[in-house]
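Let me begin by handing over the structure; questions about it come next.
Chain nomenclature is as follows: A, B, C, D and E, assigned in order of appearance, with residue numbering initiated at 1 for each chain independently.
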Amino acid sequence: MDSDLIPKGVQRCSLGKFLLWISACGFVLAIGVYAMILCWLKGLNQTNMNDAYGFALWIWADLAIIALGGGAFFTGFLRYIIGIKELKNIINYAVLIGFICYSSALLILAIDIGQPLRGWFIFWHANVHSMLTEVAFCLTVYFAVLTIEYIPLVLENRKIDKIPFFHNLSHNMHEIMAVFAATGAFLSFFHQGSLGGVAGVLFGRPFGFREGILIWPWTFFLFTWSAAAVGPCFTILITKITEKVTRKKLVKDNVIELLAKISGWMLLTYIIAKLIDTYYWAFHTAPGMGLTLAQFYTSDPGSVYGYWILFLEVVIGGIVPALILVTKFGRTNKIALWIAITLACIGICTNRWVMVLQLLAMPVMTFQSWFTYFPSWQEIATTILPVAYGAILISISYRYLPIFPQERELNPIPGEEAEVETVEKEEKKELATGDLSPATETAT
Amino acid sequence: MEKGHNTTFKRYGMVIDLDKCTGCGACMVACMQENNVPFKKDETDKIRSITWIRVYKLNNGKPYPDTEICYLPRPCQHCSGMGDHGHSPCVSVCPATATDYGMDTGIVSQIYTRCFGCRYCMVACPYHVRHFNWWDPVWPEGMENYLSPNVSVRMRGVVEKCSFCYHRYQLARERAFVQGRKDIEEHEYQTACTQACPAKAITFGDLINPAHAVYELKNSPNAFQLLERLQTYPKVYYLSDRLWVRMAGDNYLEEEKREMAQAKIKR
Amino acid sequence: MSASEEKTKEVSEETAGKGADKSKEPSNAGIIFIFFVLGLGVSIMVGWILFPKVLYSQKEQPFDFNHENHMLMVDNGCQSCHFFREDGTFSGAPKLEQCIDCHYDIHGGSEDEIIFHEQYVANNLEVPWLIYYKQPNCVFFSHAAHVINAEMDCRTCHGDIGESTSLPVYEYNRLSSYSRNIWGQNIAGLKRNTWDRMKMSDCSDCHQRNNVNQNSVQTLKGPCFVCHK
Amino acid sequence: MKLSRRCFLSFSLGTTVGITLSPLPWKITDDLSIWTQNWPWTPVPRDGAYSLENSACTLCPGGCGISVRKVDHRAVKIDGMKDHPVNDGGICILGASGLQYLYGPFRLPSPLKRVGERGEGRWKNISWKQALTEVSEKLSEIRSNGEPEKVAVISGKKEGTIACLLERFLTVYGSPNFMTPSTVEDSYEAALHLMQGSRASVGFDFENADFVLSFGSGILEGWGSPVKIFQAIGKLKKDGSVIQVEPRLSNTAAKSDRWVPINPGTEAAMIMGVAHVIIREKLYDENFINTSTSGFQKYQSLVMEDYSPEKVSVITGIASSQIVAIAREFAKASKPIAICGRGEGRIAGNVHETMAVLALNALKGNFNREGGLWSVPKPDYIKWAEAKPDQTALEGLEKGRIDGAGSKEYPFMTSLLDRFPKMINEENSYGIQALLVSNANPLYTMPDTEAVKKAFEKIPYIVSFSSFMDETAQFSDILLPNPIYLERYEDVPTAAMYKKPVLNLTKPVVKPLHNTINTGDIIIKIAKSFGGSIADAFKWRDYETCLKETLGAQWEILKKQVVTEDKNFVANSPALETNAGKFQFVADDVNKSQNSKAGIPHFEDLGINGAAGNFVLIPYDSMPLSTGYVASAPFMLKVVSDKALYHQDTVVQINPETALILGLKEGSYANLETSVGSARVKVTLYDGIMPNVIAMPSGLGHTAYDDYMGNGKGVNINQVLGVVEDPVTGLNAAWGIRAKFSKA
Amino acid sequence: MFPFAFEWIWDMGHYVFHGGLWYALSIIGAGMTYCIGKAAYDTLIQEKGSHEDEHH
């Protein structure tokens, strides 16, 4: 029925099956939207946040999905600025994932504020000293960039592409995409960092506070670095999941392995920096405030945060995946790769969790004890909302847009040789123009 | 800091004598009445209960019968931030400039109509002086009649905190203007909690004006501030002749605690 | 979209691609441009003319009042009726009690005075005047600081209401419920007189010009608490 | 078709550009945010002219002056009155919450008549005329049946014109049953009577004392006039010292220089032990003992025989060395004061303990002098012409009081309200037909709530003068609401435990909000409706006239300055009034039938209710929880710790050791069972309490008022506390109760 | 965000921060204007599908 919209030369499931899947996701989405509307109409009393937990689940989700969505900017950076051509086969998907992550993050922020109708004050009445201002500005502008990067993909839909204006627009945007991508990378470096700065500048909160240079605490750089490191892992993870779901190979192994290799080295360097940071913080910064590492990671009443979470974050979610990814075996072995990228994502989520929730759980005044908090269903529903939304957007995009350039080649449809032929022809043309060279094993 | 003393520049602050404070809560109620603080049917969930000044119960951590307790009232500390530049933990983080620090009074303001409820300031404040209006403020029928016009009622979704009863400063100044004066006297501007305290444990005034009572009091060897090691430079000082109470004011490493105890013995 | 429509569209696109209808293009562009201008015109009319009419609502004062007339009869100018109390606060619009001081009986016999007597004096009701320059609840405005300490003229903020013979229409914003005198007479935010608008920027501009307590750490201007409560 | 679509698109684009260039989107965005700044459902307080009006607070017997800040006709704040002799500008948490009582929705708007079953809460608005007629008719019916003694009054106030009007009405009506809730002041009064022969209240000059030895008194928990005491203790902390002897680390204990934990209920033994050391070491004021006292020998021999530090140590659990040290410190001080009376003094206590404390003070001769203990004469400004009861009334009065006060058993007592429920429930008394309740809420405040309720069920007609829908009002038949203190005139002659007589006048600072009539006016009106001797005793036109005439020249002064105080007041020498003309260590006006030691201060284990249970439950008082006639205001409940009330649960304090044995953790639920009642409570672990003792907050568990005022919040401690009668005074001497306590 | 907002100060913080912001915004704005403008131009004026073949 919708075959006219589906890209040529690829196979998609039946529309009925597709709609069933979409409505399943839609149901989850609807619950989230209902919870979101409740929060807007009745206020934040719908959550279980409190005066001690001014930030909670949402802000963690926000930080986490932005970190995971970091794949878009870093892959874009590698593809357009550094010029690693193989990555063109995954950049579309990275952009789509980034778009989903960032739009979700903005939505969550819009729910999270107590006065959504005054939300624009953050732009209009900006306080440049606030990390949150920087976050808001860069986030919004970078989201605009991601939208710009995503638009040509949409325009490449078989139907839309036939409209000359859109066809031309898409073409023009492709032409100067490097400029947008560069701007995006610039913005992204800053807002990933400023998200780290959010916790790092809190000199009243020893758990989050970090020394640094000028106005930037170390967490500023660590956040950027970690997002760049783990973002591609998340892109790979989602690609792998998509492959599992569609039961097709969508991206060639060499592309994945290349990205995994870069990610691995990034992760390794990050984790070394993180260890140094932790050491300096634990043995220099904190003692100056009269605190020890043991007080941060304690089994005191009310605290669920023992050393285990540090171990989870740094060793299991950092060192282990880094070591797997830097070895060729780790990258090429399917199971090892799966483990590594999953652990890396868990590691970064743990890091963001710690910087938001453990930070707030820890009492600073000596006569207070650890604060506890458990999110309400409205918070959980609105946090799952982006997952459902992401699944829907990915599904629609995958079905109707040429997201994976290598899909046709990797999944030839028997009996449709003509189609394959054109694919080959196009690829030849690309080779000839030197514009978009296909990925080959030798390129690495 | 001292050079700043003249008729226009002030550093309003408080000295609270913890040995006098009985933990009766009159300051809290006087504050709530003065500042139109709302209340709900159930206020026992203390981390969702708005009180601009809160009285904490401290104990020395020793078992029966060596237990000691002490009450510590905690208004907004009106931090001046590192180097007295006014960049208190909360002021610098507010993305919409809804909280501000006036160099003329040293008071940290909170503007409810500007605040859009991101709560970053609450996260930044280690003293938990900031409260969020999780609910619409609702008064039982008839009770809205006692609301004071001097302080605006806060709407749902914004952060509020102690203002050192700034409106009293404004009203005192108006009176002074009408009487042809440019400046106000110490007794003309006192916070509601100071005025109410039945034990007279709270002293309020200009910390850099030698004529004000707080000037001397804050220099007492028994004076301390909350979390001063974080370099927040709070303007609320506490007095106690008990070492454990003074030590409860900040985080200390074990060896630092030992040193302090030894220093006390020597003294 | 029906299948047949799509087919025709595809066909037309194909033909367009071949450049068969090239000659049509300029005229098409012209019509399209006209539609653009049309849309632009309509929306600008709506935004600049219709919208302010809808946004502002008008309210009648309880009855008319002649400031000029009253000014002639009092000795102390504006302060005869709008005075400072001993505690420094400003009395604002006079209370019934004050008015009766002179109007214990009907003097002039004007229609408005009769309304005043019959509806308010007789029933001991306060006159519910609509205050043009009433600042919203979040603002602390000190008349003492401006009129006494800074020796400002009433006109600076209130214009020549003191010389008026009748009360202007009270307009208020339906959404924000602010008086139009606060919000600004001109929809574009243009300002001819100092009293045309009393928004925050107007206060802060004057404070900046006169260097009033420019001691905020955040803005290097007036600290927020100077005007906000 | 294609063209029209393009045109439409172009038109839309033009519109978008045009709208963007017009003020519309920008102003709507801005105005919407301004709308959020002025939400119509967020109240905006009206401005107006500010004024301050001084008056007196009547929410507790403290006798403080207040300054009410007003904006036009609205009251917006209550502060302490500057330069008032009692509170000097300070205010307590209850006084500061005053406006919530004024403007609260739990006020009674007009006279109400019960429609449904008692306590069901269905009411009918009636006119004042009808209300007064109904009450008058009911009362005259009882009187015409020849049973005037079957009408009783419970008045929260003992003194002042309202109390006197009520008592006067009863007298001419023919009932002796004017009852007032008893407090530790009654015990002191009894002890002063026994040992000094005076009819006086006790006052303490904490301000000038240099040492306070307190046996469980919650001097910082609402004892006496709180603001006065807070200020005095603050000063005393600098220049003297305070020692607190009690089983729990209360606020008073925390603020004192030393907390001495003691086995609950054995304070009297400790007092005697301290006396023992002082006498043994001859540290007492010999001159005073020799010249101004009698019976010292007998007292001395009892003390020396029974109360050596070693013996006392066994009883109290306090090390004998500590007893000796405390005694020496007390004796060494130049102006030491010893006090007793647990908590805020809600429960009168054992008179022998009070006597022991007076005797201990006598050892240092610290009476009626600066920094000492004063006997303050009862106010004497009410000098009305004597009421002349008629024959019916005289017959009624002869029947004697139902509570036994003034009888052979309790000869010098004037009111024993705590015995009242028992007397009615036991059914060997003559019973009560009608009960008038003014300024009191016995159904909440009296121990053993169940028994009180049972007694009230037996009273066919209950009238409440309360301003609020409290527990007693809820259980009444007709409600005649009094305006609250901010709306009415009334004399306030008390300042609890203050050393000098003061007289305050509370006056209307706002116009009455509801259709209320001053109780004084109601009594005068009802009395007039009777005619005859009853009407003759109430010749005043109305209450205000009565008050004006009563106060005479003071009226104008009080109206202007709220308070008058005899600055030069000096109390009589303690010995003046007794037969011997001296302070008597051994009292003679005591019914000695039961006990040979009855007249001598001593420690006596009266036992506490309940045989069962290994634990001792003690109540504890705190400033934010009002235990008296008015419930805690919403503001006060907001201040209450979550370690006392958590959501709907009362939280009791237990020692971590006790918790360990019972397998309880912080926040676990437990069942508490006494001989009187049971309750499900939460526990909190507190190191400041003796093992095996459970401390429960009082002032919670209201079942009336509204949700904001604590309806249904926690357990009323009176549901689990019982009454123990003091053998000499008949007052309630219970200080706790045995309890079974287990994990729920 | 704009120099006429109350909070605006002409200081280093604003130069750096808003400099970066407006720089990014103008690149995006200019880029998009170029793309849309060129696409419109290409569609309306130039021959259609002239670069149909260049594109993949």
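Note that contacts are C-beta pairs under 8 Å (C-beta built on N, C-alpha and C of every residue); 3 or more make two chains touch, one makes a residue touch a chain.
This structure is a prediction, so every number in the text was calculated from the model and none was measured.
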Pair exhibiting more inter-chain C-beta contacts, C-E or A-B: A-B
Most central chain, Cα average position: B
Subunit A and subunit B: spacing of chain centres that average the CA atoms, whole Å: 41
Chain centre separation (subunit A, subunit D; CA means) in Å: 64
Interchain centroid distance [CA atoms averaged], subunit B/subunit D, Å: 32
Subunit A-subunit E separation of Cα centroids, rounded to whole Å: 25
Multi-chain contact residues (two or more partners), subunit C: 16-17, 87, 89, 136-138, 218-219
Contacts with two or more other chains, residues of subunit D listed in rising order: 32, 35-37, 44, 47
Shared-contact residues (touching 2 or more other chains) in subunit B: 45, 49, 57, 59, 87, 97-98, 112-114, 136, 152-153, 155-157
Subunit D - residues contacting subunit C, complex: 2-3, 6-8, 10-19, 21-24, 27-28, 31-32, 34-35, 37-38, 40, 44, 47, 49-50
Residues of subunit A touching subunit B in the complex: 43-45, 49-55, 112-116, 118-119, 121-122, 125-127, 129-133, 136, 198, 201-206, 287-292, 295, 359-360, 364-368, 371
In the complex with subunit E, residue positions of subunit C that touch it: 16-17, 19, 22, 25, 29, 200-201, 204, 218-221
Touch list for subunit B against partner subunit A, complex: 45, 47-49, 56-59, 72, 82, 87, 89, 92-98, 114-128, 130-136, 155-159, 226-227, 229-232, 247-253, 256
Residues of subunit D defined as touching subunit B within the complex: 36-37, 39, 41-48, 71, 74-80, 87, 89-93, 95-97, 99-100, 102-105, 107, 220, 226-227, 230-231, 233-234, 237, 249, 251, 254-255, 259, 261, 513, 623-624, 633-643, 645-647, 655-657, 687-691, 706-708, 713
